[in-house]
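Going in written order, the chains are labelled A, B and C, and every chain counts its residues from 1.
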Amino acid sequence: METASGSAVATENLTRSFGRRRAVDGISLGVGAGETLALFGPNGAGKTTLLRILAGLLKPTSGSATIGGVKLPGGAEVRRRVGVISHHTLLYEALTARENVEFAARLYRIPDFRGASERALDRMRILDRADSPVRSLSRGMRQRVSVARAMVHEPRLILADEPFTGLDVVGASVLSQLLADVTQSGAAVILVTHNIDEGLALATRVGIMDGGRIVLLDDRASIDRSAFAQRYRNLVAAGA
Amino acid sequence: MKPTALSLAAIAAVIVTYIRAIFFTPLEATQGPAQKILYVHAPAAWVAFMAFGLVGLTSLIYLWLKDERLDRIAESSAEVGVVFTTVVLITGPLWGKPIWGAYWTWDARLTLTLFLWFIYVAYIVLRGAVEEKEMRARYSAVLGILGALLVPFIHLSVYLFRTLHPRPILMKPSAPSLPEAMLVTLLLAFASFTLLYTALLRARYRYAVERDNGQNDGMTHAG
Amino acid sequence: MLSDAWLIARKDLAIEFRTRSAFLSALVFALLGIVIFFFAWDSSAVSAIDLAPGVLWVIFTFSGLLGMHRSFGVEQPDRGIDGLLSSPVARESIFLGKAIANLVFVAVVQAVAIPAVGFFYGLPLGDVALPLAGIALLAAIGLVTVGTLFSAMAVNTRFAELLLPMLSLPFFVPVVIPAAQATAKLLSGRPVGDAVPWLKLLLAFDIVFVVACTLAYPFTLEE
């Protein structure tokens, strides 16, 4: 699973507790360069917590995680390799789309922050609204800016937590293409989603989390779509 | 709650101290009976500051060890401490009026105690405003440490204010050298108040433990 | 680390500049306060020189609080703070950046309020402009350091607007007393040397609390 490209992420018995509740319970998985792991699971399964740990927002209670071979929390170098897409936009409403993305580019020490921002906004087809305040943009447009923001520093590991939220058809297809392109160039993606079709379309590996644990982890090729959909529906219904 | 040996001992000690203070300790020449408030005022002040010292110390160690027992000690010490601080702030003016003719004269030590009271209240209000246990402990610890750092600065500010400001010379109520009989009573008062503080701290701590365990059981029930 | 802090400060200031609401509120509050104090003043009993320092530094405190509240408030709506925390920037830089933005905010309000006091109360502040600016800067640093830290905590609690003043005001006291006393000394024509003990206290406060609050900031984050 480990490669030299720096995009590989691996966890070993990763656990995170909040008081007595184990949100993430002994997770061991790995995602290599060029791979996309689609992670499904009912609400409260711990998917977001797992991503937050990898994003550097939470520390594990026990166990370990490495990104590009560096153990977390690794410091600035590790952070620079990771891009975070969330269902929150992480944007500042009062600033323009361009200002938001340029700010992120500068946070990530990109030398040509203006050029990189322009390209990132263009790739998400939102360059024409680049100089509008985010406040004036629709939810779908904001999400596009948010993705541009996450990708401006060309991360090698993308953590996407329900990134299709709010995107319209065009936005969703742009994002899908982007995620596919980026794995072509060797980046790794962990995609948390409830949308089976979107997730399976992009995935090279598929996982299901429930109650903090991995209950399924397999290559995409081994998954039969309708059987998987049934199993997932049963799981979600059981927890409801 | 069943009274413990410690709390009975503390109450006994306090009673003995005050019987001695009222009936068996001589009157002070210039101040008369009012001076006897010293035996409540000074020990209460000692406990007030010591309690906050404990809050500061447990706060510091908590941020290092993250043991929730330390947070409970801090919480208990703060609630007990604020009561003693209030006693100081009430007995101070009660003593001041017959002696100085005014309830409040911005005496340096009393003013410092007033600010200690404000810090205590801020600490307790902060705890009330945060519901999540871990966040509450962390935030309280930060405030506890910063509050402890603040106390010397308030003291310096007030001290500088008094020395650089021309003021009428006021009689200082606590003379540094007391006659032996009074000194013994005073030391007894310090000891019994410390005992009382410890008993109250323990009782409040035990209440916090029960409350937390009750909450946890409730959580596992619902989970 | 400082360049990161400056980057974050500029971002915060850009946001404030766009909306301007907090800045205008603070400014209007300061000016209204100055005017109200004027009308509450009996000029035959108290001279302007005696009144002005108190007015100035009380206004400074409360208008400063208005600005600091939004410091971490801007990060709340869309979880911008997660964007900062998942970036290569150090936690301390985030705190320093926001403190610097608050410092600029407070400094601009002071730059209007202080001349306004001189104007409305007929005081020749021009003569003492330079030392006064020095006091204002030192006081602003102390105010902003503590206020930014507590703003980071308060923003996650209930009653955030009430909690921030409750937590901060005790800490503002060792800032306001030296600032007001030093200002009074300057206005009554005393040599600058008279104000020096106060300035030393203010400087000591600033150094201790800049360090303490920067170190404490990571503990206000859930990790």
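The rule is simple: contacts are C-beta pairs under 8 Å (C-beta built on N, C-alpha and C of every residue); 3 or more make two chains touch, one makes a residue touch a chain.
Just so you know, these numbers come straight off a predicted model, no measurement behind them.
Mean of the CA atoms for each chain, then the mean for all of them together: which chain is nearest?
Nearest to the common C-alpha centre lies chain C.
Comparing A-B against A-C, which pair counts more contacting C-beta pairs?
A-C
Between chain B and chain C, what is the gap in Å from one C-alpha centre to the other?
One centre to the other, that is 31 Å.
Could you give the separation in Å between the centres of chain A and chain C, each centre being the mean of its C-alpha atoms?
About 40 Å separates the centre of chain A from that of chain C.
Centre to centre, by mean C-alpha position, how many angstrom separate chain A and chain B?
That pair's centroid distance is 52 Å.
In chain C, what residues contact two or more other chains?
Each of 222 in chain C touches at least two other chains.
For chain B, what residues touch not just one other chain but two or more?
134
Across the complex, what residues on chain C touch chain B?
Touch list, chain C to chain B: 146, 149, 153, 156-159, 163, 166-167, 169-171, 173-174, 177-178, 181, 197-198, 201, 204-205, 208-209, 212-213, 216, 219-220, 222.
Note which residues of chain A are touching chain B in the complex, please.
18-21
Would you mind writing out the residues of chain B in touch with chain A in their complex?
For this pair, the touching residues of chain B are 133-134, 216, 219-220, 223.
Enumerate the contact residues on chain B facing chain C in the complex.
63, 115, 118-119, 121-122, 125-126, 129-131, 134-135, 138-139, 141-143, 145-147, 149-150, 153-154, 156-158, 160-161, 164
Could you list, by residue number, the parts of chain A that touch chain C in their complex?
Against chain C, chain A makes touches at 55-59, 75-77, 79-80, 82, 84, 86, 88-95, 99, 103-104, 106-109, 133, 149.
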